[in-house]
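Next, two complexes with chain A in common: one pairs it with chain B, the other with chain C.
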Partner chain A sequence: MRSATRHRIKLALRLAAASAITLFFVFPIYWLFMISFKTADEIYSYPPTWWPGQIQFNSYAVLFKDGDATTVWNSFVVASASTVIAMFLGTLCAYAIARFRTGGDHLANWIISQRMVPPIAVVFPIFLLYVWLKLVDTYIGLILLYTAFNLPYVIWMMRGYILDIPRALEESALVDGCTRWQVLWKVVFPMCRAGLFATAIFTFVFAWNDFIFALVLTRTEVTTYTVQVTHYFGGQSNFWAKISAMSVLGTVPIFIIVGFMQRYLVRGMSLGAIKG
Partner chain B sequence: MRLSSRDRRFSLSLVAPSIFLLLLVGVFPLVYLLVVSFQGITMTELDTSFQGLRNFRMLFDDERLWQSLLHTVIFTAIALPLELVLGLAMAQLFIDKLPGRPVFVALLVLPVVVSPIVAGATWSLMFDQRFGPINEVISWMLGGETTILWTIKPDLVYPAILLAEIWQWTPFMFLLLLAALSAVDKSQLEAAAIDGAGWWRTFFRIVLPAIWPVMAIAILIRALDLFRLFDIVWALTKGGPGTMTETISIFAYVKGFQQFETSYTAAVALMIIVLLSVVVMAALKRVELTR
Partner chain C sequence: MADLKITDLHKYYGSTHVVKGVDLEIPAGEFTVLVGQSGCGKSTLLRTIAGLEDANQGSIEIGGQRVNDLPPRDRDIAMVFQNYALYPYMTVFENIAFGLRARRTPRAGIEPKVQRAARMLAIDHLLERFPRQLSGGQLQRVAIGRAVVRNARLYLFDEPLSNLDAQLRDEMRGEIKRLHQDLGKTMIYVTHDQIEAMTMADRIVLLRDGRIEQQGAPLELYERPATRYVAGFLGSPAMNFVPASLTAAGNALVVRTRDGTELALPPTRAETMAAHAGRPVVLGVRPEHMSRGGAGEARAGIVRHTVTIDLLQPTGARTYATFRLGDAPVVAELQAHDVSQPGERIELAFDMNRVVLIDPDSELVIAG
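Entry: the complex of A and B
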């Protein structure tokens, strides 16, 4: 009896701690979101209001009216296009490395080390190149860079997923008279569908959330939402309603996508070190 | 493994497009940086003559550069252990049965997937001197109106940036370590309990060795991310006040894209790449990433 009470107290304490911790991690996001629904009077009131008196969407209406909301579309275009290309090229490369050991360990190690170079050191020479090629502030320029930057991740992750597929399946398909390409399309890709999906989501999120590449390589035409958010930072005071509404527009899609892929999150984040 | 020449051609055709693109962003910049760093291009003059090692010698005398490198190291040295310990403690809290655990975990994922620049913007809202909730709570606790200039006062900018950084990435450590902890062999833990081993002893002898491979990779990933720290600092202080919180990435950005010291920035970028390559090579040897 006594041990049961103690057990219950311990559980209550753990629940309290878990709730407090979760509150700490969620509150800033709540605050960010909530400001976008407040009126200007409420945003700049002292003391701050913890809950909007009345939900209103004026901040969003302004963003759509001024055309600022199209930056979310730009983010979508470059993130999805670069994801598709990187997934296609990367998976093929990963297959060769996984099955034929093309390039050996050196190639695999070189590829993953490419991911670790700080973006600022890459984007500087790329910028100079793009000025020359007239690719600054174009979709193609951004898509190309995001594709190349995400390739190491795709190759690395897909290599792991492909290694998980039993080789025997491919061999029997070969015996049945399939060509190598047919094996790829009919056996390998369908077998690692979940891995393809999870890796694509991560690739998309990396490009979607990037700031530094877009900051350097865009001007006015293909500004992404992350760069747009920083346009509202003022010298003296920030344009809070816009910062908040723009951030929400860019963040909600990510939350929805991640909600669907909880299962693959840990493997994707740990570069494949943890298999879910 | 011996490959037939057909398979060999097939495998090379699969690899070629990716390698081409990787060379484009991996090797081209390196070569280009090398060329530019030996020239004398600045905002005012387009001097492409050979300048020898001038830009590299400038690196050594540039106080601001070494300061920014020091700031980066400080951020890493404080944030990384804190994220690791807090993440591990949280993982321990959540490892045993807890009602509503999936909901908690789903909510704790959120900071990690928010864009870092948005995370920085969020915390600039949180820290706002007058309308931010942090000062409001402090005022309430102290029982009087307090306006603390979190992102402006020199002795508060580091705690402010670190708080935002730790807020965003502790859940990353938490998620990875929670997964690693759930994979620890339960029968070993039970055996240790039967043998009368205490919590600490069990932790250091059984749990830690079991989760170490994952922990090492988590540390490596975070260390490399912290080395390139840019977004959160940019959103909160832009490297200020003065250059107090300038990281190496911000320094390179300012030199290259605000002061247009093209050749000198190339030397800085090269230095960053070389420095990091050495660290990464050493780290990859220790961490078992390739299975």
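Entry: the complex of A and C
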């Protein structure tokens, strides 16, 4: 066989494999979107219709009319607020640990070990605590909890990024007239911008996707979309149209964020990878 | 008034004693080079002056004011770092302007100052570039620009040329020295390279193991080293050390090496060193203080001795010839064509006016 032909066959096989894998992963998302656009008949039809006869947004209209869509807003509020707080506090902690050796050699390891705690193990004690503190079903309650859960992750990640910044860059700024705060703003943050974004995205996604905390700690006021989805699973029947539409509402913001931040995400993850 | 006065400075890293009691005064406008081997504490000393490290004991005064407890930004210093310390996300202009902005220089004042510094360093055509687009030499110029754009009292350089290749280093050495002449600022420069120290310094402060071994003008240290360490550190090729003894022979004093070679000291030196007669010494002789003796030369202190050359290293202008004296190898710096091949026996003239004699126990150079 001529080498050019062999090369072409190899390429074709590779493309075929890549397409198959992509299809495998994208299909559930495609199906989710399609269900949300279908009529009830189409959803239950067999064999399934791969493409809805007519795209319709009734399922979404219902969600917005009933006010269920506000649960997405609730998710957004608690996820963003806890991300901002965790990023701010965590980065400062990470800086102190990285540069002033606060807590000695092992504090960072101890902190990250806190992240290993399974949520289910702590959620009921926290529920009791929150009842007493009157934090159940409040924004503050969820924000506090997500912040606490994300802090170790932020500290661990940001410490790695900060350790990668040459010390001389900061020292040079100190000599040139900056305070420590100015050094943070003018040198440290710009230097680890990719890391900041990457870490923030993971932090946001954790809170956004959380189910167990939200399930136990919310009732009606700040129900998040993940909990809301479960409300459509009935004893007699499941409201597939609502389930899929709500899931789409919960997925799209993540797509948008990751789309915007992709540049930083890739760079941030590889940045952290260089130094273990 | 001294621009910098350091009194009994000590610095520890954990239990490691790095700076062990340094006293130093640097007059305004002087170019001082802190030189020594790696680990001698020179960089730590500089960083302590800058305030990047805290002194554990002793005081540091800049312009008459005690600065031990001041943060770096209040010490009125500018510093150039070994790895340039430029911000990769800023243009050259912004890098140079960084210190001015940090000190809230009025906007209108920044542009002309940056331009002037850039012109001084011949980087004014690079102002819109980013550091990653520059060569090593250009990066170093920008780093120096960052320092000189500010009107600081004290300029600190921490091995700024050690990342550059040899040719560029020679070039920048000259430029930094010229910069000092133009600005007339007090500069302290750290290096491990004795050639940098010799060529640039108004004054060399030679550090060894956390202490000042000797300080003074370059030629003063070179010609009148106080210890064997100083004598061996400065000069390339280094000074030769030959174990010997000092012996009285009538009125004269001779240095007798272990193979019985006798090299007489000139009468003036014999007088001052008479007290050491009969003791072991180390003869220290610089390569350039031996020459292929011209027939007519008969100054006092010139001693002729015939040696067998066993290694030749021509550099072009000069040739380094190695032979054995006593049981030590000795390198002489001769004219390019003084010796043609190894194994040749030649007569060398030793300038005994310039040799140093060292007490082998204390390692101190014997005065006189």
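Here is the rule we go by: the second predicted complex is superposed on the first by the 257 of 276 C-alpha atoms of A that agree within 3 Å, B and C clash if a C-alpha of one lies under 4 Å from a C-alpha of the other, contacts with A are read in each partner's own complex, and residues count from 1 in each chain.
Throughout what follows, contacts are C-beta pairs under 8 Å (C-beta built on N, C-alpha and C of every residue); 3 or more make two chains touch, one makes a residue touch a chain.
Keep in mind it's a predicted model, so treat the numbers as computed, not measured.
S.K.: If chain A is used to align the two complexes, do chain B and chain C fit next to each other or clash?
M.R.: fit
S.K.: Looking at the overlay, what does A:Gly141 touch: chain B (first), chain C (second), both, or neither?
M.R.: neither
S.K.: Would you check which partner chain A:Ala18 touches, where first means chain B only, second means chain C only, and both and neither mean what they say?
M.R.: In the superposition, A:Ala18 contacts chain B only.
S.K.: For the overlaid complexes, name the partner, chain B or chain C, with more touching residues on chain A.
M.R.: B
S.K.: In the superposed arrangement, does A:Ile155 touch chain B (first), chain C (second), both or neither?
M.R.: first
S.K.: Looking at A:Asp176 after the superposition, I want to know if it touches chain B, chain C, both of them or none. Which is it: first, second, both, neither?
M.R.: second
S.K.: Once chain A of both complexes is superposed, is A:Pro190 in touch with chain B (first), chain C (second), both, or neither?
M.R.: Once the two structures are laid over each other on A, A:Pro190 reaches chain C alone.
S.K.: Rounded to the nearest angstrom, what is the minimum C-alpha distance from chain B to chain C in the superposition?
M.R.: It comes out at 6 Å between the closest C-alpha atoms.
S.K.: Both chain B and chain C touch chain A; at which residues?
M.R.: Shared contact residues on chain A (touching chain B in one complex, chain C in the other): none at all.
S.K.: Under the stated contact criterion, what part of chain A meets chain B in this complex?
M.R.: Answer in residue numbers: 11, 14-15, 17-18, 21-22, 24-29, 31-32, 35, 43-48, 50, 89-90, 92-93, 95-97, 99-103, 105, 107-109, 111-114, 116-122, 124-129, 144-145, 147-149, 151-152, 155, 160, 163, 180, 205, 208-212, 216, 226, 229-230, 233, 238, 240, 243-244, 247, 250-251, 254-255, 258-259, 262, 265-266, 269-271, 273-274, 276.
S.K.: Quick check on the complex: what are the chain B residues that touch chain A?
M.R.: By the definition above, chain B touches chain A via 1, 3, 7-8, 10-12, 14-15, 17-19, 21-22, 24-26, 28-29, 32-33, 36, 90, 93-94, 96, 98-100, 104-119, 121-126, 128, 130-133, 136, 139, 167, 170-172, 175-176, 179-180, 183, 213-214, 217-218, 221, 224, 227-228, 230-231, 234-235, 248-249, 252-253, 256-257, 262, 265-266, 269-270, 272-273, 276-277, 280-281, 284, 289-291.
S.K.: Which positions of chain A touch chain C when the two form their complex?
M.R.: Per the stated touch rule, the residues are 166, 168-169, 171-179, 182, 186-187, 190-191, 193.
S.K.: Per the contact definition, I'd like the list of chain C residues that touch chain A in the complex.
M.R.: Touch list, chain C to chain A: 50-52, 71-73, 75, 77-79, 81-83, 85, 87-89, 98-99, 102-103, 146, 150, 156.
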